[in-house]
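By letter and in written order, the chains are A, B, C and D; residue numbering begins at 1 in each of them.
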Amino acid sequence: MVNVGIIGGTGYTGGELLRVLAFHSKVEVMAVTSRKEEGKEVWEIHPYLKGFYDLKFVKPELRYFEDCQLVFTAVPHGEAMRYVPQLLDAGIRVVDLSADYRLDKETYEGVYGHRHEGWRDAVYGLPELHREEIKKAELVANPGCYPTSTILAAAPLAKMELIESVIFDSKSGITGAGAEPTSFTHYPNLHEAIVPYKIVSHRHYYEMVQELKAFQEDIRIHFTPQVFPGSRGILTNAHILLRGELEKEELEKIYKEFYRDSPFIRLQEEVRLSYVRGSNFCDISVNVGGERAVIISAIDNLVKGASGQAVQNMNLMLGFDEADGLMFPPLFP
Amino acid sequence: MVNVGIIGGTGYTGGELLRVLAFHSKVEVMAVTSRKEEGKEVWEIHPYLKGFYDLKFVKPELRYFEDCQLVFTAVPHGEAMRYVPQLLDAGIRVVDLSADYRLDKETYEGVYGHRHEGWRDAVYGLPELHREEIKKAELVANPGCYPTSTILAAAPLAKMELIESVIFDSKSGITGAGAEPTSFTHYPNLHEAIVPYKIVSHRHYYEMVQELKAFQEDIRIHFTPQVFPGSRGILTNAHILLRGELEKEELEKIYKEFYRDSPFIRLQEEVRLSYVRGSNFCDISVNVGGERAVIISAIDNLVKGASGQAVQNMNLMLGFDEADGLMFPPLFP
Amino acid sequence: MVNVGIIGGTGYTGGELLRVLAFHSKVEVMAVTSRKEEGKEVWEIHPYLKGFYDLKFVKPELRYFEDCQLVFTAVPHGEAMRYVPQLLDAGIRVVDLSADYRLDKETYEGVYGHRHEGWRDAVYGLPELHREEIKKAELVANPGCYPTSTILAAAPLAKMELIESVIFDSKSGITGAGAEPTSFTHYPNLHEAIVPYKIVSHRHYYEMVQELKAFQEDIRIHFTPQVFPGSRGILTNAHILLRGELEKEELEKIYKEFYRDSPFIRLQEEVRLSYVRGSNFCDISVNVGGERAVIISAIDNLVKGASGQAVQNMNLMLGFDEADGLMFPPLFP
Amino acid sequence: MVNVGIIGGTGYTGGELLRVLAFHSKVEVMAVTSRKEEGKEVWEIHPYLKGFYDLKFVKPELRYFEDCQLVFTAVPHGEAMRYVPQLLDAGIRVVDLSADYRLDKETYEGVYGHRHEGWRDAVYGLPELHREEIKKAELVANPGCYPTSTILAAAPLAKMELIESVIFDSKSGITGAGAEPTSFTHYPNLHEAIVPYKIVSHRHYYEMVQELKAFQEDIRIHFTPQVFPGSRGILTNAHILLRGELEKEELEKIYKEFYRDSPFIRLQEEVRLSYVRGSNFCDISVNVGGERAVIISAIDNLVKGASGQAVQNMNLMLGFDEADGLMFPPLFP
């Protein structure tokens, strides 16, 4: 049994880490923090977990994590950088779920608009692209939910340098906006709606650029995020204007080959958010008409888009099987 | 053309007054207030009304209403009592959409937990019960949304003194909770949910007691409110334990007779919230099995449960036809 | 008072014609047909319209329409062509809501896969593009819901020949799939979902090609439709790869100019389906980032996307004001 | 490893059995039937299970189950009675998810309106009430979803004979209506709706009578079911008119005591469908005001209300721990 800890346990990704780790037989959550809810039982904040944890929230202090081999930081960007260096210096490996270590330092500071005060080198934690580096990493930067959804949809074609332009039109469940009530998450504002936002300027864009341009330098990338009326899930339409025409069979072959060793990528004839809900899968379908391929990907934003992927990274870092404790079925319908 | 005004124009009931009055050919909205949004165009706060009003929000000061014959107060309880006496003293008739004048003073102070600092006598504005008094009233207290839904479901049987006990199990759309984001209105907290609240202690209960006991003194009344995943509507199951058994035909006859002159009550074989959405109708179906009748009523909480009923009251007060400007069809599906 | 009729009155567009025409003070629905529900009252099939029509469904026979100046055909494609020639030959003008007269005959037969057995020349009924021809037309082909949504989003830039490629990513409410229960409309299949379908092959595509290529011959057009969890509405993201960069202000000017005389087009800072729900408006916002403009349009698929637009066409054909009986406010929230 | 089989594997309860059993380390699904989909892979019909089963649907013939110790019958009532006697005669134990063995023969024939052609004695499979009998049973009749939800809410008070009348007002997710598209499951008919049905005459009522009258003979029981806009879950308000008043603390004590040994019953301060979604828990909260207690229960209708409970029964029958393979966390939010 390996001891792990969670810094930031009351938000959606913190709660989801607790849910996902409840399936895992090889790790035990030793400590979970909350400055606001310190002293309360986990189930007082997450009543759905009643019966699963006998654990109280503690303050985010290093001493609680001394016996942990790995810690998840699930706090907002700008805040993670305060904890990560301490943990690493204490010899504890880290999977950071915030944006703090996903980009290079300069890009980060430009995009997020503040100085990075705790820089360390990290591996970008998309196992399907960086499996071997993750195994050896001390610090893994868990990808954003949209980048997970979009990069996985386009990477195989980018690797073949077959993309002229790609336009990612993504629709996310509202949990992506966090557990704090805002005008954005106000029920009547999302009911029977599709709400585009940051239409040409979302910060996750830069992760897509970083990862896809590593495959194909001259790719043109566009991204528009939206929320749809639902709690979980991201469905991405990757509209890809191709260099030259391709048959559907050729596309399928490219994707199968690329994801041959990836247990959480499933090629499906049709993708549905309900086919991946609650699970760590990323389902993908390929479609093509003339010069345009439409690659559709579906993930659960809180699992493959956040906490499940973090556990997948943890598995690789700790030498477990990549799928340990993560191969639970989706909740359909 | 009669001039009217609105105090409190940015919330859901204020916005809905503006929407409903846009259908009305005999009145014109002269002034609408907002302390917070003063100076802004109506359509800046309510973009869906772009093109309907050429009007800016003003401060809630008496001078803006001097040429109005009637003013709607659509501010929270406790606040309405600050404006109503001023308006009445200036000779302006008032329909108050808050709770401030619905109960007798003593009951009000007990239920709402603060002193009433602007008491005036008012008529309870349920036209189906108090049509004639409303016509002559200077001040009409527009009923709560739940009381509208429940009282209309039970009044005909209460009048016949046929009720042993009634249990109102009501489900409301979330707009009843207002336009301010809270944990209650947070999308993931309502998605795929039915959320009971104030399960045995909602303040609207006292309006039901006041109106139904006026018909039948010894009636036993119980009420449990809930929200359901939707914006608009209240569906009430009135579970009525009867004194003696009744056939469905007898029930129908009682309801038809009671609501003979009420243009907004429709008896339906089946009620659906979608059959009344956006309209001022209250649809009712009667069902009976042994000792229990189940009377089901459906309203749009923002129309018949608030702003539409306020305009219905206005029509009566101003000598118009009760249905003027209100006989627009529901939005189905 | 002008008499009009409806062939096909039980589906969603038929019901919506009845709802919309209930607002209209200058026309009266004289006859409405249903082969299946012949003899039933309108409100037996559309209970939400109880109180609005005293009219029974009749068989689709010419004699019921002899006193009509105009008839709406709201039956499936392939079926409308059986009624339209008869009506025209009897001197009755027609607005056809099916696809039967939207394309040229040859394209129609290729796209819909069967012979056209009742060909007549028609005007494509998008008033914002063909206002003057509609006024004089005997037969108006009411546009599809997606083409209304997409063409209105791109036409101003196509007219300026500024488009390199346009990718329409559209999301529709499920009423677009009709009133018959299918696997597609089955609640659990749409709940918490975004469902792409006919991803590179929807038939409405050819209307977009016809109308936009008339402005700019060399435009490249792509289209992917989806349904979202809601009853009504189409939100389209028109991702436009521009010829040369444009500022947001320039874009706004182009759109304002193009739609100067169009009462149902509203430029908004942000578009929301809830801002147009139940109304005949098409709201549009313009956004731009580098080489890509994102024009977002929102309509109610049953109103501006079908029955409301049909009445708008009727208004033009009968010499009424374009907005007569149609300028009712949206139902927000 | 124990071999089990499923007769009827394509519906929602069949699919859910497959999902739940995928968590179970002590049993293996050997055969699953479908007359219609014979020969297809499980994942072709249930794409969300891709990767979990390497199994093809077979015809419902006895020979496929000869090596099974236990078979689940997940076919409609009236149909199960054709398979159950055969299986029992072959020495195979059965958990029947249909209604065929829940009531005594005479009541069954009256309520379901047809003769019972394969009668066998069965144990009513509500483990919280009949744990010891289930362990020894050859045939267990898995309870209906509504009876599970209602009986668990009222049993502790019925056992104390403290109930004057109980009115169950239950709201179910639409998966309870099955996987076949109907007018009832048609999206626009459920969107933003609460739909009461069989308001005083649902067949599940008789299970409630059977189980609760066994505790308290003179209890008066009423039941009204509804569907709400969601896939999964049943929330029941048990409005209980008490014999004598009780404090909340006394109620809590009664419930805690009654469910002391029941791992899937959780007393919560507040119940939410999202706290039990996807899990086998039944969460209960107790509330009281004067003569009325309101006991609220929440289950996932497909898990504790069907397939999860069936596995719970299987665990007891096979001598496993009651919670084996079932103690997975709910999917919140």
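Going forward, contacts are C-beta pairs under 8 Å (C-beta built on N, C-alpha and C of every residue); 3 or more make two chains touch, one makes a residue touch a chain.
Small disclaimer: the values here were computed from a predicted structure and weren't measured.
J.: How big is the rotation, 0 to 180°, that puts the C-alpha atoms of chain A on those of chain D, in steps of 5?
T.: Superposing the C-alpha atoms of chain A on chain D needs a rotation of 180 degrees.
J.: Counting C-beta pairs in contact, which chain pair has more, A-B or B-D?
T.: Between B-D and A-B, contacts are more numerous in B-D.
J.: Can you name the chain that lies farthest from chain D, using the mean of each chain's Cα atoms as its centre?
T.: Comparing chain centres, C lies farthest from chain D.
J.: Averaging only over C-alpha atoms, locate the centres of chain A and chain D and give their separation in whole Å.
T.: Centre-to-centre distance between chain A and chain D: 35 Å.
J.: Using mean C-alpha positions as chain centres, tell me how far chain A is from chain B in Å, no decimals.
T.: Their C-alpha centroids are separated by 46 Å.
J.: Which whole number of Å gives the spacing of the CA centres of chain B and chain D?
T.: Those two chain centres are 40 Å apart.
J.: Listing for chain A: what residues touch at least two other chains?
T.: Correct list: 12, 175, 188, 191-192, 229-232, 272, 274, 277, 333.
J.: Please name which positions on chain D make contact with chain B in the complex.
T.: Contact set of chain D toward chain B: 165, 167, 169, 171, 173, 188-189, 191-196, 199-201, 220, 222, 224, 226, 228-233, 235, 237, 239, 241, 272-274, 277, 287-292, 294, 296, 333.
J.: Quick one: in the complex, what on chain A touches chain B?
T.: Per the stated touch rule, the residues are 12, 174-175, 179, 181-183, 185-188, 190-192, 229-231.
J.: Once bound in the complex, which stretches of chain A touch chain D?
T.: Per the touch definition, chain A meets chain D at residues 12, 15, 19, 22-23, 46-52, 175, 191-192, 231-232, 263, 266, 268-270, 272, 274-279, 327-333.
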